[in-house]
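What follows is chain A paired twice: with chain B in the first complex and chain C in the second.
Moving on to the complex of A and B:
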């Protein structure tokens, strides 16, 4: 149900990079990937992301739940939205184009026509590269970042104290929330409730999970009063804060930031200065469908 | 630096009314705290203890708004005009539930939180935090994740976080509530040690008997928002209402003489030792995951009709894990659990609910419906009972807990005690044969939990009752069988008289003998059973 983040020190390259440099790199990839549809640039960004992800030494076992969530997202965006309905390609892919099956095709003995174009299919590939690039650099954060480092990292990146500490606090309460959820699930199961017996339409499904959602939410609201009191009683937010967790920049952190700036700068320069921003299909792609 | 002759805390004619209420929560409070003093503040739920604490630590008026009268001085200075962070340098507060107070993911981060908020440089805060941990003898926990500390450790970690800010005054809000007897004793000794070092401690607790172990210098009793007693311990023992707070058994026995105690009749049927067990644990071992350590080791246990079983054991001894096995929520790694002869591995939890009604610790973990009636109908409807049967069960269950008039009310709008009764009724309405309760007294004051237990045990409809508790006295007055778990094993199983025979043995299990136990042992030849102090006083010569 809830994803329990699993940070542990893996003695990887990423572990040695300052969290601030890591966030800067991740945001550079995000911005770069969303500023172009050019096949070459997207491929370069994708390659950077893969290398970055590989340097974290994450195992499939660790991250599979996160990837499962992303796969669901990718499926809806790419298969349903772009390939089947074509809605997601609107505004980017020009109208018309070359049909993949100009003559139609036979499925279970019936003749079908399907308006999928070669351009839209490439758009799906480009979108896949884009989303995967962003996913790769962001999904690894909770697995590679010490929970104690969030507050000070966001503070030093310029967020105000309160906001920065809130980020850290949310990590503290994820296990508590997960445990409360489990307790409520057990309590309702003891009253004959079964989660998988939720049948019927969407509304009915929501109604069926009310016995879980309402107690968990109410508990969270009630305990947030205690948490706020505990913070107030220890002087939170009354003056400028210091942080126990120490961050130190090394020369390689500057190198990482330099690389991030270089990547983003190059992509922006080529995208906006040399027309490499717009959607385009590489010529070899057409070759595959002739 | 405060001047030595100025008392740390002086309260004069203090009164407070919340904006949302018509009547004041506290009135005419006068109180003084000296350095090195432990002052016990006792009283039942709603007597105004929490409001008084909030006035001292500044949450009133900074977080909770209302109308305040009178004067509070910290080291001779009025708190008027002081911000929360100024007050927090003098007054440290330990809230009731350490789970909700601990903010850091690691112990050292938690302890440094207040110092970080003060803007203290890193080099200064680490020695201060380590000193606070050292004072409570938990320096070895320094780099542990707070999530993985035990209940007693969590509380000390939270306290260290307060101590690191070096307050002169400590406010402790029911600090013993979630602790097993041995951890509670350790916590009390730690408080005494801090007072001996010069701190002033205001300790709110209704487990008065336990606190007497550390000889509080002064005792205050509050009722209905006012202080009705202030003085030494002896005076309190003579004047306080012994049905409201827990006093030593000898005192209750002496004072209850001549007052006939309330009749109590258990509603479970008479015990037949040859009957088929309702639940049977056969050599049950359990681990959560294949690579986790085993938490239950070879448990053998039969539950028969007519039994009222108390399960005792230290924090983390496997009590809840064991009970969850009975319902099939967890399945044994090896061994068998049979429910009315059927293996739990072969049935669903929903099916098991027909036999076992399981009430969780906190009602807020399960209440969700828009009305009490719908809340009570949820269980039987899940079991697939007919409409008429559901209505019949709901009506019966609500009558059993005496809340008929609340059927159309939203459960979440009720008081905590009423919510607790609704949560029991929502399990009763399934008409299960066995009632199992996890810490039925948690979060209730002495008077409420006594009357609650009385009501439940006199409710007809169950063949057997089983409850998990930390409270030895609860076990010895309500149960006819006691099971002690220690480190995932059943280490004792028998009548209260058999199980509680040896003090040394009890201490090894992290349970402590109580005054009521000692009294019962002395009178056992005469009574032949364990009874509450009020009943004993009628029998004593």
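Moving on to the complex of A and C:
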């Protein structure tokens, strides 16, 4: 079983930005998007996210799997809960409102009534902008960041040395463990082990996974003892760690951090200082349904 | 005198994070990522229709065996790695939820004295339910803040599916891993 990281160098704008600056920008977007329901502010954040995503030069082929997952989330939250049932709008959208089809409508020769309001529909748009803004900045991370950079990035962002090193180490264990997993699966199958059998109830099916998971886990634990001993012999944790992968800030990284601070600061100032935090429907939206 | 010494040796420091713990946490996170990824992407036939993440037992087991910090990192970093491998992006609140699923069983690790004893297994099973309840609860409730979902959506679309499948995997697989680990403990004198 071959493990392939999704990252590759694309010679994009994002490739030139320091991973720390990228994380700071992504978290600024997350905090900004979650501090307001104001459509104007959400539209500005959404625009920033689109530009950020576009600067990564990602293709649809690269990211389609992640988008599929987000589409399921969006369908459940927006189509099912906000538009169809109206449950998802509870607590944000006030009760009542103007019906989109006050007289009902005809579908396949039958007269139907549907309690969708103009306010709920606008909330769906706001919700779409908020979720997509966050998704755009976070979905691109695996495709745009070298796996060697995570440990040092989190260390430089303030994580303790040991924790950052754990992260670094776990990246390096993945290919070995994936190979062990494949070897164990092949060995168990050679013994007549039926992982794919459709027989038995749910509990039996769950238990059937055990002959695969147990040997892989125990083998990993036993081998970790040797690694820990080797690390101890080399004096692990006695001094401050140095990292093979060096990070260096450039002027454009400071500019990205400045932009992130400016975006977050402006949104927080307008949301909490000027009453632009709560959900509201712009007048022109009502005009579309009159 | 002798028995007191034995008891002292067996007492586990709950919050220790030395070299061994660093390696256990890294191995646990990598294992969680690989197993999740294998069942997600590579799709083992037949197993796919049972549930989606048998690997959730890994942070629970690493928590029980090596303490709360190892359990937390296994779940937290493991979920980040699994998402990175699968191309799902970076979802901090779900990573945190997965970390808690390992942290809470880890808090019970001081009470586990014999990995194949009935009392220890019962305590571990309780920790599974509590861990998944709090972990998936935190992750699901965070969707209210992130996506603006209401409580009903959070409960029925986010929390319950994750809670039921994760508890099921944990309750069935954790005792099996504990019994297997007890053999290693006896063999190597860990």
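Methods note: the second predicted complex is superposed on the first by the 207 of 290 C-alpha atoms of A that agree within 3 Å, B and C clash if a C-alpha of one lies under 4 Å from a C-alpha of the other, contacts with A are read in each partner's own complex, and residues count from 1 in each chain.
The working rule: contacts are C-beta pairs under 8 Å (C-beta built on N, C-alpha and C of every residue); 3 or more make two chains touch, one makes a residue touch a chain.
What you are looking at is a predicted structure, and each value in this text was computed from that prediction instead of being measured.
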Touched partner set for A:202, first chain B, second chain C, both or neither: second
Touching partner for A:181 - first (chain B), second (chain C), both, neither: second
Chain B versus chain C as contact partner of A:227, first or second or both or neither: both
Which of chain B and chain C A:190 touches, first, second, both or neither: first
Touched partner set for A:99, first chain B, second chain C, both or neither: neither
Touched partner set for A:128, first chain B, second chain C, both or neither: neither
Touched partner set for A:81, first chain B, second chain C, both or neither: second
Per-residue touch tally on chain A - higher for chain B or for chain C: C
Touched partner set for A:166, first chain B, second chain C, both or neither: second
Which superposed partner A:147 touches (first chain B, second chain C, both, neither): both
Common interface residues of chain A - those touching chain B in one complex and chain C in the other: 147, 169, 171, 210, 214, 218, 222-223, 227-228, 231-232, 236-237
Contact footprint of chain A on chain B as seen in their complex: 57-59, 62-63, 83-85, 88-89, 92-93, 95, 97, 99-106, 108-109, 112-122, 125-126, 146-147, 161-162, 165, 324, 327, 329, 348-350, 353, 356-358, 360, 362, 364-369, 378-379, 382-383, 412, 426-427, 430
Complex interface listing, chain A residues touching chain B: 147-148, 168-169, 171-172, 175-176, 180, 183-184, 186-194, 210-211, 214-215, 218-219, 222-223, 226-246
Residues of chain A that touch chain C when the two form their complex: 1, 3, 5-6, 26, 30, 34, 37, 62-63, 65-66, 69, 73, 76-77, 80-81, 87-92, 123, 126-127, 130-131, 134-135, 138-143, 147, 162-163, 165-167, 169-171, 173-174, 177-178, 181, 195-198, 202-203, 205-210, 213-214, 216-218, 220-225, 227-228, 231-232, 236-237
Residues of chain C that touch chain A when the two form their complex: 17-20, 22-27, 29-31, 33-35, 37-38, 42, 44-47, 49-51, 54-55, 57-58, 61, 65, 73, 77-78, 81, 83-92, 145-153, 157, 168-169, 172-173, 176-177, 180-181, 184, 188
